[in-house]
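Sharing a structure with you now.
Order of writing sets the labels: A, B, C and D. Residues in every chain begin at 1.
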Amino acid sequence: MSVGLEHFLVLGAVLFAIGIYLALTKRNAVAVLMGIELMFNAVNVTFVAFSRFVESASPLTGHVFVVFIITVAAAEAAVALALAVLVYRNRETINIDEINLLKW
Amino acid sequence: MPFDWLRAGPPLAEWWDLRDLGNAVGGLLGWIDDRGGPSWLPYVVSGLIGIVGILLWSVFSQLFFVWAERRLVARIQVRLGPNRAGPLGLLQPVADALKVLTKEMITPRNADRLLFWASPILVMVPALVVFAVLPFGERMVLADLNVGVLFVIAIGSINTIVVFMAGWSSSNKFSLLGAMRTVAMLISYELVQVLALLAVVVFTNSMRMGAIVGWQDDFNTWIVFVQPLALLAYIFAGAVEINRTPTDIAEAESEIVAGYHTEYGGIRWGMFQLAEYVAGFAIAAIVVTMYLGGWTLWGLEEWVPGWLIFLGKLYGFFFVFIWMRGTLPRLRVDQLMGFAWKYLLPLLLVNVLLAGLEVLIWQENGFAAEAVLPAFAVANWALAVVLVVGWGQVLGHLRPEHRAKRPVLVKEVGAILYEPYPLRPGGSVPEA
Amino acid sequence: MDDSGSVVAFWTLAALTVGSALMVVAVRNLVHAVVYLILSFVGVAGIFVLLSADFLAVAQVLIYAGAIPVLIIFAIMLTPRAARDNAETSLGLPALPLVGALLATIISIAVVTDWPEATRGGFEETTSVIGEALLSTYVLPFEIASVLLLAAMLGAIILVRED
Amino acid sequence: MAMKTEPFVVNIGPQHPSTHGVFRMKLTLDGERIIDVDMILGYLHRSMEKLAEERTYTQNIPFTDRADYLAAMTGNLAYCLAAEKLAGVEVPERAQWLRVIMSELQRIASHALAIGTFINDCGAWHTPLMYMLREREKVLDLFEMACGARLTVNYMRIGGVAFDVPDGFVPACRALVKEMPDRIAEYEGLLLENEILVARARGVGILPADMAIAYSISGPMLRGSGVAWDLRKADPYAVYDQVDFDIPVGTNGDSYDRFLVRMEEMRQSVRILEQGLDALPGGPVNVDIPVALMPPPGETYARIESPRGELGFYVVSDGGPAPFRFHIRAASYINLSALREMTVGLTVADAIVVLGSVDIVMGEVDR
């Protein structure tokens, strides 16, 4: 049986779900960031799947969007990790449960 | 039909025409089609032949080159090199291989089991996978992707992760120090590699390795004539990527014993050595394909088989790494970093800008290639010299007092000759 | 996408990607989690190859399997005494049903609506088309993205620099 | 907000490829920078000074070979001078000249090894070392021709030298002297203008002159820091006052200057050898002294310029056949004391380079 658009969309959805679960449940800030990266990838898969299967005037716009997503994700990862290191330096921990005091 | 490009091109020469092994594979595929095999079989067969060919070639040429390197470095060092095992010491690599195979593979107690076991295997991946894209002959390329150059850089970047895994998992202070040094160095030189290869792609305006070799064949000017700076930068970045002198920071024997592969014994350590040589061949192959005209030699490839020329150039270029290993001392890590970020990157950015300008001028006015390319060659070589020396002066690398000063000869005793530096314990020369 | 080769490839790559993504959730040691994350990113790169997006597949390997994990590893290195385990937070329990519900809705939408399927095969050459698009119709976002990268780089350096 | 990182203690040695013998250096690191250096010695201690108190003066000579095993000739010479001063023995002319020739040959061999291993520590894997070992081989052949041994020569006696040199020695030595200058030019061509070596060694491990004097450093390290002090000129022994040579003096006291000073000293030693071979007189090579020499009670301190610095012997006699006290003032032991001042603030790689430029021999340090 052939592999259609739905297969890739389901794959993207599953990856997105795993990413959200990771982001919501993990205690370590770096693990949360890994979840976010996974979500970005899920979105990328969906974009590319659409640009491959769906009829459109310029099919490769999906790819251009994925390029933008990759750059933004890289920038976001850098800043988020810098924040994590800074939080670690001030609070000696990056365990999200403990970073809940607003009196910074 | 998969692999139709194997059937395309000039009328398929006889399968026994070994000037391009692609003919033989093409003949085999034709034979399979006549027998009416399933549609995917030729795909699998040619893929397997390619993979097995690359594997066998890289392992056996590594064995030969271990011997060649030790003899050549010995020749540079006024000594003989291995000559005990077998005639002229030719069996020395076999002896080494047997020794490495029979040695016991120790795993440190609190090592990170999974990563410790995985990294020797993974260290071979980037070294071997790069060869999938490199054309040994006109139709002898496993997968001629049209993002070939980007593929080479991407596979090179996996090396960083594997080095870190090796250093982190052997849970020993020296390995971690070596691993972190190497990772930081590999990242900064990845950028240098990208810019050096970008300068080539600007000229050939295609990332497909076959197209790049084709461009160099059509205009029969090698890209090294037009882009000398990019080649020099890539050689240095290549030397960094495979940890060879003058940049063997990873296993700087005299400093932190053996860097990230200290804790590995037996065949695991052997895999690291094998990967280092195969990665060296990969870098040499990339340089030959991108800058030195790949398997073409201004028409000679009609008679001499293309892949022979390619291997000749590859081994010839690999000699440069051996020569560097025999003569140059090692740079410190921060000097290497400073050299990459402060010196090489600005230089290469300017180089890519100039290459873009030149191609723009060439395409806009549609000059004839014979007139324009030699002019570009001369201009680029002169510019390369001016840029290298000028930027060196600006950054102070070539400032007079950095040059060696001979000691002052004195006849009588007791004279204190120099006013001591401000007494900073053990500090280095204050940056003037 | 009908010949048997790509079907086999799809299922293996999908299994690899989802499997290693689940391992990232399950495994205790944070460094192992990063390794499995890299594995799933490489799986996604394979999926891109299946969807004949060759430029994106290679860019994915270069950035997601070469650069971002190194960032994550440096972050883990710079936070030595922080909990290096991959444990769940205390209030993790309600997350499972929420995620399940979200997944169900997305999948139902994906399967129910009939997308205007295109009849053409994969793309031959994507790099040059992406390049053209980036510098012609999308030149503004391209410039904004470069400014954003510059800002992110400076921000990260200033945050972490201890003078 | 300062980064709270715990210091990272790294152990270099005792079993390490570039510690020039069994020497251990505990480096406390903050990242790559060295905060503190703690040196642990004694792995090669053989209590030579205590053993010498049970042996007659002549039986003690082999100890001096094994103290600084890379410069045995100068070790013998220093001890024999001390014993002769104590016993008031006159050394014949020919023996004096032979002693000068042998110690200069030893200086060339020792400096060749010192420079070779220093460049090794900078990373040029064995290439310069192999070139220099080729010259050292020729010097060791000359030693073997003169006294049968290459390393622990045991050639000098109280009152002269053990045997006269065979006939083939002088022509072979002249051949070496003729060939040596362009060999040194070959090394300098290979190393002097080498950008990477200059980058690695220039400005690394600075030892200012007054600190060098304060730590009583001697030898190429002191001259590298700009102080022109050479015992062969300051306190001439044997026939050094009849020989003309220069003292190379460095300019800013870093590892590169010490390397340059050693290179120049090899050239000066060749000049001395030339004059020595020309002026070698005939006559006896030693004076026969009683087997159980019993010098009058008293103490003496004789010092010479060994390749590593001032090598002194403090010998006290109580009239008996064995010395009452036998102390070796080892040059590398004292040169090593300044290592901490030179390496704090540098990186691990620099510490190894500085240790290489100090050129220590553990036999002499631990005695």
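By definition in this document, contacts are C-beta pairs under 8 Å (C-beta built on N, C-alpha and C of every residue); 3 or more make two chains touch, one makes a residue touch a chain.
All figures in this text were calculated on a predicted structure; none of them were measured in a lab.
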Using C-alpha centres only, name the chain that sits farthest from chain B. D
The larger set of C-beta contacts, choosing between B-C and B-D, lies at B-D
Could you give the separation in Å between the centres of chain C and chain D, each centre being the mean of its C-alpha atoms? 63
Taking each chain's centre as the mean position of its Cα atoms, how many Å separate chain B from chain D? 43
Cα centroid separation, chain B vs chain C, in Å, comes to 29
What whole-Å value do you get for the distance between chain A and chain B if each is reduced to the mean of its CA atoms? 34
Check: chain B positions touching at least 2 other chains come out as none
Multi-partner residues in chain C (2 or more other chains touched) are 55, 59, 67, 162
Spell out, as numbers or ranges, the residues of chain A touching 2 or more other chains. 86, 89, 92
Where on chain C does chain B make contact in their complex? 3-5, 29, 31-32, 35, 38, 54-55, 58-59, 61-62, 65-67, 69-70, 73, 77, 125, 127
Sort out for me which residues of chain D touch chain B in the complex. 8, 10, 16-18, 32, 119-127, 130-131, 134, 190, 192-200, 202-206, 208-211, 223-230, 233-234, 246-254, 256-257, 260-261, 264, 340-350, 352
Would you tell me which residues of chain B are touching chain D in their complex? 73, 76-79, 173-174, 177, 245-246, 248, 252-257, 325-335, 397, 402-418, 420-421, 423-429
Across the complex, what residues on chain C touch chain A? 1-2, 6-7, 10, 14, 17-18, 21-22, 24-25, 30, 33-34, 37, 40-41, 44, 47-48, 50-53, 55-56, 59-60, 63-64, 67-68, 71-72, 74-76, 78-79, 81-90, 92, 95-96, 98-100, 102-103, 106-107, 110-111, 115-119, 122-123, 126, 129-130, 133-134, 138, 141, 145, 148-149, 151-153, 155-157, 159-160, 162
Report the residues of chain B in contact with chain C in the complex, numbered from low to high. 39-40, 43, 112, 114-115, 118, 145-147, 150-151, 153-155, 157-158, 160-161, 164-165, 168, 180, 183, 187, 190, 207
